[in-house]
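Shared between the two complexes below is chain A, which pairs with chain B and chain C, respectively.
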Partner chain A sequence: MSVPGYHRPKSVEDAARLLAETDGARCLSGGATLVAMMNASLAEPKAIVSLAGIPELAGIAELANGGFRIGAMTRHAATAADARLAGTLAVLRDAARQIANPVVRNMGTIGGSIGFADPAADYPPALVAANAEVEIVNAAGRRRVAARDFFVDWYTTACGPGEFVTGVHLPPPRPGAGLYRKLARVSGDFAIASVALSAARDAAGVSVRIAVGGCGPRPIRADAADALLSAKFGDAAAAAAAGEALAAAADPVDDVRASAEYRRLVIPRLVAETVAHARAALEAR
Partner chain B sequence: MTLALSINGRIRHVQAGLSDTLLTVLRDQLLLTAAKRGCNQGVCGACTVLIDGRPQRACLSLAANCEGAAITTLEGLQRDAGMARLQKAFTATGAVQCGFCTPGVLVSAHALLSHNADPRTDEIRAGLSGNLCRCSGYRKIAEAVAEAAKEAKP
Partner chain C sequence: MRIEGSFVVAAPRERVFAEITNPALMAGCIPGCEAIEVIDPKTYRARILIEVGPIKARFNLVVEVKEEAPPERVVSVTRGEEGTRASVISSNNELVLVPAEGGGTEVKYVSEVSVTGRLGKFGLGMMKKKAEALGAKFAENFRGKIEAAAAS
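On to the complex of A and B.
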């Protein structure tokens, strides 16, 4: 590695140490965001800590409890193709396959995407609906943060200075449905609005988690919406009330994709459509 | 400083700083100009090359981060039978207008056909959705890829 300022550590611990002790250093994962910002002179890191040489960050591993750990360097294409992410966890696969286009899905990583935390990106609401936890490292050690607490504000996460995302932990998949629906100007664009839903079904009934993307500084959720949908899954009035609860919790802005007013109007419709598709998926099982 | 990159099966030595991309060294130092600098933001796909066999953006790949990877540009596929079929079909179908997007489209189409020898039209369109043609000649591009796939059948 002969380029000054470029580092390719072989372990997470070495990467965390380099990040902490190197002035102006940034982590590089897939490059889809950081290098684009460097090309546009929006980021000028003095040093790069590449995560490309750390084996434990690549790939999806099944855990002893039946859940999964997705390493931070796992490409969107690999997540989209992993059939083990089934049942309630299918929400994550469904989101991954709708990110950008095949070439970008070969480059972009889950750690890079959620570390950047664009609220119109596809993973944030899907991780909240999947009840995931995000694994973070710093020079002192690792910690885990629930996805719903990881996304803090516009482009802001629970990661502090000197910290980076090492992976995502998913609970064991439950029988049921998981899906992600996105309203976008063209296929592969960032969301105008999106809905991520997981519905676990067993003898006791249905348990739903739902989150909305692209409509505020972080994924939008509402306890009332989860409760309404869990109590009467597939019921049109319950879906409408859940959609209204999520629209009320949203905090959208006007941007190049749509107005805030349009987003508030479209959330209940997208929620109703997503619930209808989830119900059809459950009945088809 | 000097980097050793594996490009089209050969080790090539290039000079690069921290912020230099693979696209910059391909075009400006190695004079491999098939990959084009369009948006330089990863959006347009004109710079698409194969990195470890998968189509990726040369403009979003830091040169320093490419040491150890196998890079294949369109120039490296000039003796590939599948690429020859694609190029012939693009010419015959009129799928090349200004030509700026064509190298990136060819690399993406080659990757598509290597995984799916007989794609439907919607699969061709999805497979090429990372490549923009600002002449908007998408219909003939999709027809050309379908024609190349047909030609490959025994």
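On to the complex of A and C.
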């Protein structure tokens, strides 16, 4: 293969322009995905636009509304360690700390991970459960897409040609629980199935968002599951019904990790277990 | 992996058979087909671009018709390589046309596909979904061409 060209722009605007102007160009963030893909000769960019020199893409910033913006270059380890992501937003921290291993968590970034959109990765369902929005840039400007609409298909996102992810916007954290549970062959593997759940609790009651990873082309969600869990949080029958609704919405395939049939079977169990843990977390508060 | 599907076209079987064995028309229906060339009446060469997320693979395929029984059945074998790479795709295909209930023709296809090389690193389960989506897209394109021609 030929050696790709290398660019290291200093601003998002320059990066967007380079990406649009350069044939076969691809953004490089932490390299945990792209470099692995290049080593496997699955990705062969003709040019690399490194995002490492753009200050605004690094780190987690609190917004005026009390929410947060996680820059695309933020490493998984930094997201996992940020205590401000509490309450309902703890779902994202919980997912970040379960990604792969310390080496990957120190190199890999949220932008790179979600840009690749492997449905068995940990961030996609967690971002859906957190009701996050993904910030995307192109040469003409920026736009934001709800996480549930960002993940379109296997390895396919709402990013069009010449676009890349600049960050993730999280709503203000609400008191409650946020957690992510993963069933994997070994610690650090991609999920056979995973469940991300956020449960906000206030005087009016409980409001739940739940999403399943590893069981279809994108994070699996069901309005019925959110409604059932919100109406009777912690109720075993409601959790079972929510699990069935999510299993019905799933579209799993057979792969090296597990069969599709096994995944359908395991979703309701993993949902029930996650709800039980979330309930225990709420009661412990 | 086994890929199968079926779709109904609002046209008589003889016409569907003639079109589905017409390389010039097929080139415009097969998703990702960039070129098709007739080597002899039983052999075609085609260039197909397959895209899965960030991965692009361009295959040079040779399609050989093994059995043809107009207007109801075609058996073919496809073999192809991805440029100079060690990716190989091969398939045994059967196409059957039956009169559909209520008029028209039902097109049924079954392919046993094997993929080796770099694309084989992807899970077959996901590739099967992708292949089914391409099959559905083909059906839509083919139906569009035939039915538009019939209406004009």
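We take it that the second predicted complex is superposed on the first by the 281 of 285 C-alpha atoms of A that agree within 3 Å, B and C clash if a C-alpha of one lies under 4 Å from a C-alpha of the other, contacts with A are read in each partner's own complex, and residues count from 1 in each chain.
Everything that follows uses one rule, which is that contacts are C-beta pairs under 8 Å (C-beta built on N, C-alpha and C of every residue); 3 or more make two chains touch, one makes a residue touch a chain.
As the structure is a computational prediction, the values presented were derived from the model and not from experiment.
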Report task. Pick one for A:40: touches chain B only (first), chain C only (second), both, or neither. Result -> both
Report task. Tell me which partner A:277 touches in the superposition: chain B (first), chain C (second), both or neither. Result -> neither
Report task. With the two complexes superposed on chain A, say which partner A:253 touches: chain B (first), chain C (second), both, or neither. Result -> second
Query raised in the report: Looking at the overlay, does A:269 come into contact with chain B only (first), chain C only (second), both, or neither?
Result: neither
**Report entry** Superposition-derived comparison: chain B or chain C, residues of chain A touched
**Finding:** B
Requested in this report: Pick one for A:156: touches chain B only (first), chain C only (second), both, or neither.
Outcome: second
Report task. Could you look at A:116 and tell me whether it touches chain B, chain C, both or neither (first, second, both, neither)? Result -> second
Query raised in the report: When the two structures are overlaid on chain A, which partner does A:144 contact: first (chain B), second (chain C), both, or neither?
Result: neither
**Report entry** Contacts on chain A seen with chain B and repeated with chain C across the two complexes
**Finding:** 40
Query raised in the report: In their complex, what parts of chain B are in touch with chain A?
Result: 1-3, 16-19, 21, 40-42, 45, 48, 54-57, 59-65, 67, 108, 111-112, 126-127, 129-131
Query raised in the report: Where on chain A does chain B make contact in their complex?
Result: 1-6, 8, 28, 30-32, 35-36, 38-40, 44-45, 47-48, 50, 52, 77, 100-104, 106-107, 187-188
**Report entry** chain A contact footprint on chain C (complex, rising order)
**Finding:** 52-55, 85, 118, 121-126, 128-130
Report task. Show which residues of chain A lie in contact with chain C when the two form their complex. Result -> 26, 37, 40-43, 116-117, 153-156, 217, 251-256, 260
